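One chain, chain A, links the two complexes that follow: it is found with chain B in the first and with chain C in the second.
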Partner chain A sequence: MMQHYPVLAVMLLFLAAFLVEIFGSKIAAIRNLITFAASTTALVLIYALIPAVMLRGEIISYWMGNWAPVSGYAIGIGYEIDALSLFFALLVVTTFWLSGIYSFGYMKKDHHLGHYYTLYLMLSGSVLGLVMTGDIFNMFVMVEIMTFASVALTAFRNESEGALEAGFKYLVIGSVGSSFTLAGIALLYGECHTLNMAQLSAILSGGLTKNSMMAMGLIIAGFGVKSYIVPFHTPAADAYAVAPTSVSMIFSGMVNKAGVYGMIRMVYIVFRAMDQSSVQMLLAVFGAVTMFVGVTMALTQHEFKRLLAFHSISQIGYVITAISLGSALGLTGGLFHALNHTLFKGLLFLAAGAVLYATGTTNLDKLGGLSKRMPHTTICFLVGAAAISGLPPFNGFASKWIVYQAVYTNAVESGNFLYVIITVTALIVSVMTLASFVKVTQAVFFGQLREEHKEVKEVPAIMLVPMYIMAALCICGGVFYNVVNTYLLAPASAAALNVTNYIDKMMGEGYADAAGVVNILAKPVEFSFWNPIMWLVLFGVVMAAAVLVIVFGENSRGKVLVPTENADPKYATFFSGEEEMFSQVGGSDLFWGFKKNWQGYYKVMQGLHSGIVTDYTTMTVVATAIIVLCCFVFMR
Partner chain B sequence: MILVNYVASIILIVLGLYTVCTKKNLIKIVLGLGIIDYGVNMLIVSFGFNEGGTAPIYQMSDLLNGVAPHFFVDPVPQALTLTSIVIGACVDAMALSLVIMIHRKYKSVNADDVRRLRG
Partner chain C sequence: MFTTQTLWNFFYVLIFPGALFTAVVGLFLAGIDRKVIAHMQHRIGPPIRQPMYDFFKLMGKETIVPARANKIVFLGAPVVGFISLAVIMLFIPIMGFTAFSGNADLIVILYLITIGGVALIVGGSSSGSPYAGIGISREMVTMMSYELPFVLVLLAVARKVGGDSLVFSMEAIAEWQAVNGSLAFHWSMIPAALAMLLVIPAEVGMQPFDVAEAETEICEGPLIEYSGAALGMFKLNTAMKMAIMTGLFTSLFFGGFRTGMMWSDVALFVIICMVVTLVCITTIHAVTARLKIEHLFKFFWTFVSGLALASLILAWMGL
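Moving on to the complex of A and B:
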């Protein structure tokens, strides 16, 4: 019975997509009921697989129409759910379930909601299918459905500024990337005459030919486009910013995770290339560049959601860097960070959506002081900001710590100076992330409340519930990291390295041995890890000290120290030569010194993010050429 | 000669990429996407093609008795190409509808004018 669950979940979502269009385009209650029922059922079906796959280590295989392999050749489309697939499937179902609940409140004021929920369910179904399929062409089809649904949802509020433009850019870059993937799949089929990933892996185990190296380069580039690593990231920044916020959350929570999943599945299972230092270095450099460019671009943004989009890109850089190491520790860190990124970035997007819903703007220069009017949103946002900046005891700290540890271990073991640079980059990026969120918190939630926002109300409860769920998960993930590791991360990272098991379960026992497949040897994971209880105690001590200072401190706190009788204008607060009426530092002003010092770098970056679609495609094509060349020249 | 197909498909893909990278007209960019697609489709079909092969329609008894020629065209790539063509048609339709709406809003289909989101 259990082997039917994954397929049922995917088909149910697609079925519900059409049911919503047929029955729910007029009446909100029917629409919401169908959406909620379908997404909840999918959630339950996927969560029901945890005991078998995660705890008992089973692999669920399912052949569509019961077309099992004939004499060692896969002829049907197979679904195969190992712990790695299930890990990402759990991310996907959790994200779209929470996003669906949030949409019921958030999208209420929009029109044509029947179309919205149709696209939303198709996007959910396609990503869920993508992470669970065992057939490479089926994966491509799911990628395409995902791209279309994403483009349509990006341009959904098509009367708003930039939505159509972002949709078009997304479509162009996305379908160029899909074409690369398809070309790679064609090359693989030409060589191996099969589309099943388990069988491909068995056939390719004899060593990669030049043909399959080219295929690998193209497929890495294709999934790189889907996971928005730099320089494929440009449409992501636009799309996340203009899409409805519930969709932005889906994008950063599961659409780019689908790209990450595809990349892990390809390089670890199908091509098994992660024991080659050239592939490791290629992905590590792309990951490091991604995290650095993402965060530096985020520092200069004035638009709340666009800023979050660049942070999303930056955090994916951490994931890619961690999985590029080819070690069990790196995989654990990468998967943990992917999980945490889904949680805290989803939370931050939802908070941004709440601000947009309440005030009607996401421009950082036009917001301020909302903490008094929207306390729940502020608390949730602060949890998310602390988590993404890697403050203990939140989950972001735990995963970033493992990533640093994994990269540094690699640096020590390989003696490669590049990994030292990457470790330092990762640390600096984390600091810049914190700086950037200080700016956002200050500009949106603290400081002076603006006149026009005096009457702002907190958002409805149906939007707060998903935010609180995610905030709770952010804290739990950090405090109970051991539980997360035992039940989710360890099985998933072991599954990514256990190729023989994957092949045997799909193609029949002994198939991998007959093909001569050997697992990549990876050292067992060693945590020299932190104790969250200690951090909680430290937090308590610091807070107690702060309270003591406040209670027993001098009463001059908060008073102006300059003598007021002979008030000298040189002590007054000025901005740009004008005396400031109220002491609100706008979002764009906080790091102007940093921006000035780095103006050469920013000039280049602004040139690259020109907004012209042909520039973006040129970047995509050039980067693909570089990846393919690297695969050709340096791989053995 | 199957080599001609490979060369032609690579030429088509490169032409499409050239169009997408250099042409500023949004409609031409959409056409470029189409050309890349056709190139890839041709590549897939060529992989399954056997010159002189027949259609792969047999009964099991034909194969076992050796009545049927063992030389036929691989049907899987054709199925893949069919799927890919359908997807390609969807890309074109959707992209063109977006271009129409962009033209209504921006009064231009030049990529240099459609750049409100940048930096």
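Moving on to the complex of A and C:
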């Protein structure tokens, strides 16, 4: 019975997409009901796989129409769900379920919602299918559905400025990426005469030919475009910024994770190239550049969602760097960070969406002081900001810490100074992330409330619930990192390294042995975290300190004085004796000392981010050429 | 569940070497600093206990929450800062003694110190004052400035001590020094030590790196709207940072000394902290004027980082 769950979940989402269009284009209740029912069922079906796959270590395989392999050749489309697939599938279902709930409130004011939910369900179904399929061409089909649904959703609010432009950029760059993937798949099919990933892996285990190296370069580039690593990141910034926020959350939570998944699946399972230091270095450098460029660009943005978009790019850099190391520790850190990124970036996008919903703008120079009007959003945002900046005890700290350890372990073991530079970059990027969120906090939530936002109200409960769920998960992930590691990360990273199991389950016992496949030997995961007992103690201190403040706050002499209705001048802000006036310091005004020193760098970056699609396409093609060349020249 | 170890942990966090010890040492160092700088400027200066008097006096004063401020964040920020600073000392070996030891506590220390700064930034930001807005902008840039050399120093030490294996543990660093002699006496680490000496005043916010609080131009920046107990907490946090940073320097570069007895170890530790304070906080304060923020950034990313990088490369070459 259980082997039917994955394919049912995918089919259900696609079916619901058409049902929404047929029955729900007029009436909101039917539309929402179909969407909610389908996404909840998919969520339940995928979560029901956890005991078997994550705990008992089984691999679920499913041949469509029971077209099982004939004399060792896969002829049908197969689904294969190992712990790695399920890990990403869990991210996907959680993201679109929460985003769906949020949409019910957030999208209420828009028109043509039938189309919106159709596309939303198509996107959800395609990404879910992508992470669970065992067939490389089926994967490509899902990538295509994903790309076109994303393009349409990017341009969904096509009456707003820049939406169509962003959709167009996404369309062009996305198609270029898909074509690379397709070309790579075609080369592989020409060589191996099969499209099943398990069988491909077995056939390629004899050593990569020049042909398959070319295919590998093209496929890495193709999935690089889907995960928006620099220099393929250019459409992402526009797309995340203009898409409805619920869709931005899907983009950063699962669409770019699909690219990361594809990359892991290809380099670890199909090509099994991660024991080669050249591939490791290639991906590590791309990862480091991605995180650095992403965060420096984010620092200068003055549009809330665009800033978050650049942070998405930057955080994916961490993930790529970590998985590039080819060690179990790196994989653990990378997957953990991917999970955490889904949570905290989803939360931040939802907070940005709440601000947009309440005020109608996300321009950092035109906001300020919202914390008094939107206290719940502010708290959720602060949790997300602390998590993405990697402050303990939030989840971002836990995963970044593992990433640092993994990178520096690689540095000392290989003696390669490059990894030291990457470690330093990763640590500095973390501070810069913090800086740009300080900027957002100051520009949007603190400071002075503007005249036009005096009447702003907190967003409805249906939008707050997903935010609180994600905020709670952000804290739990940091405190109970051990649980996350045992039940999710350890099985998933073991699955990525256990190729023989993956092949045998799909193609029959003994197939891998016959083909001479051996697993990549990775060191067992050894990482340390601080003692959980610390937390008990820390809470003790929190209590003590809070009591201290309350005691001192409540006694008769040293009272905490809160302003009352009739404004007493002692509660006014200090203005050196001048008359009080509007004086918000935020947005573009901040971090002058930093930007001044980096103006040369920003001039170069400005030139590269010209906004012209031809330039971006050139960048994409050049980077692909470099990747393919590296695969040719440096691989054994 | 509730074992002796738990009780010990409470003792570690609350009394020694956690909250109380850090606070007392910090306030003592602040007092020494004020006294000595006064003498350098031909003044008599306040008594060494003055920072403690100030703290208790502030705790009894009214705390005014300004009309523009977000009350919870405004009052919560100093407490959060205090909590994170109170636990840092547990990871720093006091000569032979470490309360908590992990495999990668260097990074924990790095991030916990950051929280101290973030608390100041978020608190100042929530007050809604434009002066605070400028202050937090500068504080954040200062933080970005010293983080690079700080990270490089830590990595250099880790490489020097660890060799071909990963060592991010403070305890391992202290033990290595007990066997091989303090790191300050290994010539390849001297540039890193110098860089660290320049990071300390920036981290604590002392002249010439006090651009964020610059009381003569932006009236203490983030602290402008603070009063009473909340201000007292922030003053205490600054003092604790002083103890933590000098303590970190001591155990990174002078961690090789052992007297064999707990109390004399602690006394030695505090004395070295005091000397470090006098060298890198008091003396530099007395002889320099405040930098501009863009110069500060440049100074740290070129000169100080260069020193730290030199050590890192030397350590990498096995020297």
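One rule holds for everything that comes next: the second predicted complex is superposed on the first by the 584 of 636 C-alpha atoms of A that agree within 3 Å, B and C clash if a C-alpha of one lies under 4 Å from a C-alpha of the other, contacts with A are read in each partner's own complex, and residues count from 1 in each chain.
Please note the rule applied: a residue touches a chain if its C-beta (ideal position, glycine included) is under 8 Å from a C-beta of that chain, and two chains touch if they have at least 3 such contacts.
For clarity, every value in this text was computed on a predicted model and none was experimentally measured.
Applying the stated contact rule after C-alpha superposition, one finds that A:593 touches chain C and leaves chain B untouched. In the superposed model, A:618 makes contact with chain B only, not with chain C. Of the two partner chains placed around the shared chain by superposition, chain B is the only one that A:195 touches, whereas chain C remains out of contact. By the touch criterion defined above, A:404 lies against chain C but remains apart from chain B after alignment on the C-alpha atoms of chain A.
Shared-chain residue A:238: touches chain B; no touch with chain C.
More residues of chain A are in touch with C than with the other of chain B and chain C. By the touch criterion defined above, A:435 lies against chain C but remains apart from chain B after alignment on the C-alpha atoms of chain A.
In the superposed model, A:30 makes contact with neither chain B nor chain C.
Using the contact criterion defined above for the overlaid structures, shared-chain residue A:448 touches chain C, although it does not reach chain B. Using the contact criterion defined above for the overlaid structures, shared-chain residue A:392 touches chain C, although it does not reach chain B.
Listed in rising order, the residues of chain A touching chain C in the complex are 369, 371-372, 375, 378, 382, 386, 389-392, 397, 401, 404-405, 408-409, 412-413, 415, 417, 420, 423-424, 427-428, 431-432, 434-435, 438-439, 441-442, 445-449, 527-531, 533-534, 536-538, 540-542, 544-546, 549, 552-553, 557-563, 567, 570-574, 576, 583-586, 589-594, 596-597.
The residues of chain C lying in touch with chain A in their complex are 5-6, 9-10, 12-14, 18-19, 59-68, 70-73, 75, 79, 82-84, 86-87, 100, 102-105, 107-108, 110-112, 114-115, 118, 121-122, 125-131, 133-134, 136-138, 140-141, 143-144, 147-148, 151-152, 155, 158-159, 162-166, 168, 211, 219, 224-225, 228-229, 233, 292-294, 296-298, 301, 312, 316.
Interface of chain A with chain B (complex): residues 137, 141, 144, 148, 151-152, 155, 158, 161-162, 164-168, 171-172, 175-176, 179, 182-183, 186-187, 189-190, 193, 195, 237-238, 241-242, 300-301, 306, 606, 609-614, 617-618, 621. Residue ranges on chain B touching chain A, taken from their complex, read 13, 17, 20-24, 26, 29, 33, 36-37, 40, 43-44, 47, 74, 76-77, 80, 83-84, 87, 90-91, 94-95, 98-99, 101-102, 105-106, 111-112, 114-119.
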